[in-house]
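Look at the two complexes coming up: subunit A is in both, with subunit B in one and subunit C in the other.
And then the complex of A and B:
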């Protein structure tokens, strides 16, 4: 049975950092990023290696912000979209921190923070760890779609995979931002095979998690319900469903909802169709926009759910539906 | 929650449709322009002394070369974003699909990268063009036997 864990001793965000590429840099949140590389290559020769290097640079920045060295961390959980998660292992192994690789598609950011919170809050030996998530537009396009220079048109519901990474250092030392509860999501059939409409494929997963979470929580206490990368299409479907299916709180929940995929780019000047996607999307928006707002006390309590579309190119071509999943963490301001 | 049928309806309601009229118009304009350039080139080649049949081969080669060059320079996909079928249907689209695959897989080596993946996009076109050509050839053969 799905359960929400409320932490008796919260886990704190000790440091965090966001890095990104050209499109992210010229987007509305670009000035909040800790590091932007306009070439998207981060000094590497291929986009796959660039993603690994971006993750490495990002964790390095997060460590430096708090004057920490890699040996201060007991564990590192990380994931990305590349086959076998090589960007995370390849980019981060040089730190020498015990490593757990994760795959939750674009839900990896919340998944990582959830796993890390669970480890830190239940174990006495673990005092501090990092969660790093990344995606690279070119690496994802190459793996899931067509060659980069291939001339084709994208559907209006298609989303733009972010070249971005979010790194978070969680620990038991007090700060202004804390994780106070978490709930893993269920993989839910998205009833579609359309790879150019991932928002629709994930909206049901997000709906299921939000519905479960607010069966025992009061939405009036929350300032924001943030999903990962539903984009325009998925967000509209989700908000519609919340209003229709949840009689008591539905309208309130829909009004609290926003989506990281709608914030990363400027829809007027950037050709991103339905919005941003990729595990780097929710991770970098959390690190560049949401956590600073909580740290300043502008947001007091939020529910954060990165949304993942569980599929592979083989599963889709063999006729399987895309599954949606949305793990949830509750993040609060600490005086 | 919601059943499959209702949810599919909901997806349909919220998913914006491609602007078909605009796409068709742009495809017509770009495709027509490429064809017109082809005709001009053919006339030029004939003017410089080529046979009519040879001039069409030269036009095809020229268009393939220009598409390959524009793909390599990273310009082709920016044009195709607007042109759609206008650049996809002529030989330009075929050239682009082969060259873009080659560029993409260069880092994986000449044999296992470029060699094995250069036709990943164009492969189906080649296979089914040859297959349908062969079938039509056989049909044509039998038709000529009886007429």
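And then the complex of A and C:
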């Protein structure tokens, strides 16, 4: 069983911002995003550089909201889906903030907030830092599957990698939103090699983390258990598992569950199959939808778990199963 | 300027292990490695899986040295150079230890020890964790440059990616080796796009970190400043910069400097051009050579900075410069 770390002093969300592209803008949360570029290119010539630029713009917005400058940040934690995470390093290095690169696949948003919380808690000299995560649909399709020009047909279980970024500034100055506990996830065998069904692979990782967390927490105290990008397929698997495998609390846990991948797009008018995915999915939904609700006191205590599928084109082609992982943070409203 | 975090309570090296392949075994440090596989394949059929298996074997050795089992570890921090860091996740998930994936290119060893120190310092419930880093020459050549079978000629400034892994178990139980401070590096423009001259790109990152660290530390208290994999070219650039740009302490700092990439191979008998590189270089030299010296009291206080080149084949082909980064940890002898 995993050990949960309860922070002696909470870490606060001082600012946050969500940025996205065309599909995200016309989705149900589009009006809450801080910046939308309908071209998906953010002024760049390639989708890879567009993602880097989107991340750069997004951190600038989060800084501006609180009238901070880059030198007010002691550390920057960031990651994305591109090989060697070059969207994060390439897009954010010009800020000149001490940098820690992460790779947690689509779980990077929660992993980043977790690592940043640990850095701020450990360091007496740090006052605040940022965590930035991004993904870009065209960059991910080209890298992991086929270039969009190829026009390959997508399976019904496939998800739509979000062109989106979430930027978060955490610090020691009080706000209405705080992180009070965290728990890294275990990398769990998803028992599938199907790159068109990541939701199924990640559902097992999410189940493991939720099961572990609520062995010592009471779900009645929680308003929401939010996973990152399981989509319809993965969410159904997770909720079935919660109901069937956790005797005491399972039905309650399943009823508390929702998934960022189900909220970013409108399934009637947007052709996203099983739902949204990508590093930017949970990050932008957290920044555009969930944190504002906590800030207004509409949600008082939630468990937030971005979900990641640990694999590469070479690991899958060499016969490895896809692994699922779901790091968790507990976020609470503060009066 | 970067802020240094001084740990209120130090974190201790409880165990460590170095594992490598043929070239590492016949190099000057080979006799100090804990495990050498002369086939470079570690029982696997591909070089990618060989790297994963090498990391798995290496963590097992580190656990065994201290008679620990995987369940004694509360968290595992790991990373490598393969796309999506699949050597780390694929090789280590079977341990079932809560997992945080990192990407810091060849700086991952120090970044991992830094993040693990923060996790252990923050968490009252954690007693120990592990940090594992690896690289594999054939996997890196195939992914970043050309498959070995192609037989491309290497430039004199090119380095040899080490087939090696370093595994470290840190904890709160006292030992003779402790981490007492850390500082993440800034991602610095290396002003080069030359993938055959990573040492030059990383030298600027290393200079920035060393310069920043010694603005508030006295080099006379240090026995060694150890960079990760600058090789001959990068080390010469760094030492020239230290002497020329830091008036007060520069000559002293340059005289304290050494580089893991200069120690792993014998330049007379091994055809490694500018020296060793890769995630596994600094990790295996730390575990096979430096930590034993500290444990015996031959070194009392050192600054250790693995160096990373943040780039990908796509970032370079799209015209981006290579970025250098050098996170730092201060390691001390304890009586």
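In this section, the second predicted complex is superposed on the first by the 334 of 335 C-alpha atoms of A that agree within 3 Å, B and C clash if a C-alpha of one lies under 4 Å from a C-alpha of the other, contacts with A are read in each partner's own complex, and residues count from 1 in each chain.
Rule of thumb we're sticking to: a contact is a pair of C-beta atoms (placed from the backbone, for glycine too) under 8 Å apart; a residue touches a chain by one contact, two chains touch by 3 or more.
Bear in mind that the values here come from a model prediction, so they are computed numbers and not experimental data.
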Which superposed partner A:224 touches (first subunit B, second subunit C, both, neither): neither
First (subunit B), second (subunit C), both or neither touched by A:46: both
Subunit B versus subunit C as contact partner of A:183, first or second or both or neither: second
Contacts of A:68 with subunit B and subunit C, given as first, second, both or neither: neither
Per-residue contact with subunit A, leading partner among subunit C and subunit B: C
Which superposed partner A:79 touches (first subunit B, second subunit C, both, neither): second
Touching partner for A:153 - first (subunit B), second (subunit C), both, neither: first
Shared contact residues on subunit A - subunit B and subunit C: 46, 188-189
Of subunit C, residues touching subunit A in the complex: 2-8, 46, 48-49, 74-75, 79, 81-86, 89-90, 92-93, 96-105, 111, 114-115, 117-119, 121-126, 143, 183-189, 310-315, 318, 320, 323, 325, 327
Interfacial residue positions of subunit A with respect to subunit B in the complex: 45-46, 142, 146-157, 188-189, 191-192, 197, 200, 204, 207-208, 233, 236-237, 240-241, 245, 271
Interfacial residue positions of subunit B with respect to subunit A in the complex: 1-2, 4, 7-8, 10-11, 14-19, 23, 71-72, 74, 76-77, 79-81, 83-84, 87-88, 93, 96-97, 99-101, 103-105, 107, 120-121
